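First chain written, first letter: the chains are A, B, C and D, and each begins at residue 1.
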Amino acid sequence: MRVSNWMNIDRRWIFLAMGLAIVVPLLLPMRLPMGVQEPTQGLFDAVDAIDPEKQCLLISSDYTPQTEAENHPMTVALLRHAFARRIPVISVVLYIEAAGLIDAAVKQVMAEFNARATTHADSIIYGRDVAFLGWQPPPIVPILSMGESITGIYPVDFYGTPSDSLPMMARIQDYDDVGIVAALSSSSSPLWYVMFAQTKFGVPVGAGCTAVMAPDFYPYLETGQLSGMMGGMKGAAEYEVLVERNFGITDRARANEGMGSQSIAHVVIMAFVVVGNIAFFATRRKEGQA
Amino acid sequence: MKSKLPLALLILMGIFGITSRFIPHPGAEALNAYLRDTLLRIISAFALILGLGNLILRHWSKIKKKEENYGSSYVLLISLTVTAIIGLFGGTSGEGILPTRIGEFSFDVNTLYDKVMIPLGATMFSLLAFYMASAAYRSFRAKNTLAFLLLASAFIVMLGQVPLGQALWSELPSVSHWIMTVPNTAAKRGIDLGITLGVTATLLKILAGIERSWLGGGS
Amino acid sequence: MRRFGHLLVPLLLCTLWLPAQAQAPPGGVTAKDTPSDDGSSITVAWEPAPGARGYRIERAAAEEAFETVGEAEADQRRFEDTGLPQDVPFRYRVVTLGAGGFEAASPPTAPVMAQPQWFNFDLFGVAFACVAFAGVVVWYIARARRGEKLFLRRIAGLDAVEEAVGRATEMGRAVLYIPGTGYISDIATVASMNILGEVAKKTAEYGTKINVPNRDPVVYTVAREVVKNAHIEAGRPEAHDPNSVHFVVEYALAYAAAVSGIMVREKPATNLFLGYFAAESLILAETGASTGAIQIAGTDQVTQLPFFVVACDYTLMGEELYAASAYLSRDPLMVGALKGQDIGKFLFLLLLVFGSIASLIFGIDAGWLLATTGY
Amino acid sequence: MSAEVVWVWVGAFLTLCILSFLYRDNPFYRFGEHLFVGVSNGYFVAFMFHRVIRPVMLEPFWGAVQTAGESGLSWELFNPIAPQNFLLIIPGLVGCLYFTRFIPGTQWMVRIPIGIFMGYYTGLSVPAYFEGTVFPQMRGTLVTQSDFSAAAGSSSIDGIWALVVLLGVLGTLSYFFFSREHKGIWKVGAKTGIVFVMVGFGASFGFTVMARVSLAIGRFLFLLRDWLGVIS
């Protein structure tokens, strides 16, 4: 095949290459070395600085299943981080669509830790170390009301248990008892927490967002309104790396596995661009000679 | 009359729209809340019927004339009717008069949304990953300086996003961040500033009756 | 020990009393109706008291006792008491919170009522800019009305529209016109309707088929009229096919699926994507490119422009789309308005250049000119 | 077979229908496409009825009728912003004007609801653009001494980048001058502008790849994990 024929290859070959680039790494997970960028480190440090005796981590998972690949590993990584340091976790969702996903994530990470636990104190116990309070519409209402009383706006948890009967809720009343709100979102929910919860109650806010949204959030990082951020799947992968490095937790790191697909897909696109250009210049030189 | 009355209403509503941001008085706020939450919401809900009428007639005639692929028109009409009936009579999540549950199998419209529309929509969306590849291959050719700039900055940012880029040159993510925050911001700002002026000028033209395309053009 | 008892008691009292004496209440406490609001808040302001660790703001309705409404940090000078009823008088006082729990309250203010305003002065700059720019545009429209000729530069993407319609005619295939996924109230859609009128006139003259699928039912209604009237204006009302403009579905991704289908099945020679677009832009433009159609796109959604630039032959960027109505119709009034836009951009340029110079060289902050809240 | 399993199979089938379009148009894609259009339209009908027409118009109107029946007519029932009132019939009637399109001779009346809708929302957008775009973006573009000062957390390199942004904005703005030929200073400006635009567009494109690949990963995870179960 002559180089100039590559000018206009059937685009279905490109689609096939992209498909393989995405599927093969999912089937054969591989790990690539990963550096950690500043916004992710900032969020990790902010969560790490929470005193487990005094405050808790509030995870607000505000995404729909459509951005699961990007946002969901963030929830899992944060849960692992908090459990590893025994920081109590309150989990809420602003959109009902995420509820099933979060329920599964809480159970999965609890199971991971309890499989390793040897004593009762060592285990992660629902109600003592973590509470999934579920969903209360519309989004702005819980954001504001949690400043007054968390159990007030979430009278029962996701499973229908009265939330003030959960032992951990005895000492967690409002945003004063929250070390940081981590809002993981496919929309602007981190900014709602900044606008409504931070300005009024002074609670620190961290963000997890999709790659498309990330540029919109940088200005808030610069002003310090956001303590840190996980941007897209890469941000999630970096957080996984931090949790792994600091606590030696080696459970499945979905974002890192996804980054395998990402890397290869990026390389495939770039390779096609290079091939296209080589063919383009080869053709042009030939036309110049003719 | 035929265009003066609609234009007069448009001007009146345009004034309400423009001034709503500037008047904090509760009376004005109440008026605006009424316009937005009641009047305009109801009006726009009715518009859908216009479109549906056209869609149904179009596919009905395709079936009658047995045009190419007319079988798909059956799929469309049946799925539309069934979903609409389930939704109208079954309520959004099965609270209506029509039962939307057989045993543990429920098929209310919210379920149809989650289980039919979401997979279809998400897959349409995911086609973009493939299309980005084919568009990049076809168009990122260094034909001239501008095309080269487009290609080069895309290349750097793509590389800066993945671990491989960092492995090649540890500063690459910073370079790609710089491109996003400096040249990209400048270009977006410049375009956005012009757009604001265009929007305002167009509104003025509409209010002055110079811009008449919304009336269907003509005189 | 007992001998000193009589000394100890006053001494103790003194140690308790001295810091409290030193702790002055804040001075110059004022309470005023908050300007530019809906009549639900009062702003309390005060001069700092030396050594204060913070302040407590208290409010009293007529004849009633003072109650706490909020606290302020030591460096704060004002506090906004919100959520108040309209036209009810309240008195305020500010209490200094000093070291060791000592407090000192200011005298109460005169009664003040929260009242709504009819104009938001925080947005004075925005209102002024809107009015000033409107004045410039109206001025140039008036000049055009007096018959003054105004120059308009070439816009390649718009010149290409005619060529693209011509190509569809030569090939005997249709022109596919996508008016975007916005509403009729989006200015991009208005601009698109305008271009549709010109395109439909050309297709009517050449006898080329035009296909206009719509996402919004109102846009569909307008587009239908536009195409019909264009045929009448072109003198070819008999060539108008009432089915050429049609509604598809409101959900943008389903719309993208359907339009992709139209592209591969009907293989139009020319695809025009003009209006508001979101993520579906590349789905449409790439599918269109695969059928070999000549493609011209235009949108004011800056985030979608890169995809159109990459996948289409010509792209109208932002304002170029709005300029289309003036450019294609050469209506002097439209051209006048466009000239007004240019003056607006020129003013932006001047403000940016001189504002930056003023700040860098003379240290004058020009940012306040552009403030939108509280000044 | 549980309901969940049925829906996973349905989802997987529909996913494959759409993906098959990458190969070429085919009956499966046509099925998926037309089903998508049909179900979406049906969903919107239900949505508009249950979320708008019923709660915003019908129920409050019916409430007013009941109140009138129980305690007679009162002015409160004609207050357009009261929770229950008779005047809700007006927006309904205006909405019905859309149907005049089908009645010969009255077709122009369809412009009334269009004018009302368009007037309000275009009017709303003008101050919003000025307040939301022009003012903050211009403020962000102005170069100030604090861009260079270490006290404000900047360094001289930040100041230089601020100047570059200013230059880019000026260039891009001058590219969009329509009443001047791109000659002389305008040519320099417009050329600078288009350089920034191309670099910016390239970057936006490159930056978006990751998000789009993530969407595709999400779909393949659904196929491989939820449907086929080949990965855990």
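By our rule, a contact is a pair of C-beta atoms (placed from the backbone, for glycine too) under 8 Å apart; a residue touches a chain by one contact, two chains touch by 3 or more.
All values reported here derive from a predicted model rather than from experimental measurement.
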{"item": "Those chains which touch chain D and also touch chain C", "value": "B"}
{"item": "Contact-richer chain pair (by C-beta pairs counted) among B-D and B-C", "value": "B-D"}
{"item": "Reference chain D; chain at largest CA-centroid distance", "value": "A"}
{"item": "Whole-Å separation of chain centres (CA-atom averages), chain B against chain D", "value": "5"}
{"item": "Cα-centroid distance, chain B relative to chain C, in whole angstrom", "value": "18"}
{"item": "Rounded Å distance between chain A and chain D, as computed from the means of their C-alpha atoms", "value": "25"}
{"item": "Centroid spacing, where centroids are CA-atom means, of chain A and chain B in whole angstrom", "value": "26"}
{"item": "Where chain D touches two or more other chains, by residue", "value": "18, 21-22, 30, 32-34, 36-37, 40-41, 43-44, 98, 101, 114, 117-118, 120-122, 125-127, 130-131, 134, 138, 141, 166, 169-170, 173, 176, 197, 200-202, 204-205, 207-210, 213, 215-216, 218"}
{"item": "Shared interface positions of chain C, touching two or more other chains", "value": "123, 126-127, 130, 184, 187, 190, 218, 221-222, 248-251, 253-254, 257, 265, 290, 305, 307, 309-310, 317-319, 323, 338, 341, 345, 348"}
{"item": "Numbers and ranges of chain B residues touching at least 2 other chains", "value": "18, 21-22, 44, 47-50, 52, 55, 69, 117-118, 120-122, 124-125, 127-130, 132, 134, 136, 138, 140, 150-151, 155, 158, 161-162, 180-181, 184, 188, 191-195, 199-200, 202-203, 206, 214-216"}
{"item": "Every chain pair meeting the contact rule", "value": "A-B, A-D, B-C, B-D, C-D"}
{"item": "Residues on chain D engaged by chain A in the complex (per definition of touch)", "value": "22-23, 207-211, 213-218, 220-221, 224, 230-232"}
{"item": "Residue ranges of chain D touching chain B (in the complex, touch as defined)", "value": "2-3, 6-7, 10-12, 14-15, 18-19, 21-22, 30-53, 56-57, 80-81, 88, 90-92, 94-96, 98-99, 101-102, 108, 111-131, 133-134, 137-138, 140-141, 161, 164-173, 175-176, 193-210, 212-213, 215-216, 218-219, 222"}
{"item": "Chain B - residues contacting chain A, complex", "value": "114, 118, 121-122, 125, 129-130, 132-134, 136-138, 140-143, 151, 155, 158-159, 161-164, 166-167, 170, 173, 180-181, 184"}
{"item": "Footprint of chain D on chain C - complex, ascending", "value": "123, 125-127, 129-130, 150-153, 155, 183-185, 187, 190, 218, 221-222, 248-251, 253-254, 257-258, 260-261, 264-265, 303, 305-307, 309-310, 317-320, 323, 326-327, 338-339, 341-342, 345-346, 348-349, 351-353, 355-356, 359-360, 363, 365-367, 370-372"}
{"item": "Sites on chain D touched by chain C in the complex", "value": "18, 21, 24-25, 29-30, 32-34, 36-37, 40-41, 43-44, 98, 101, 110, 114, 117-118, 120-122, 125-127, 130-131, 134-136, 138-139, 141-145, 166, 169-170, 173-174, 176-182, 197, 200-202, 204-205, 208"}
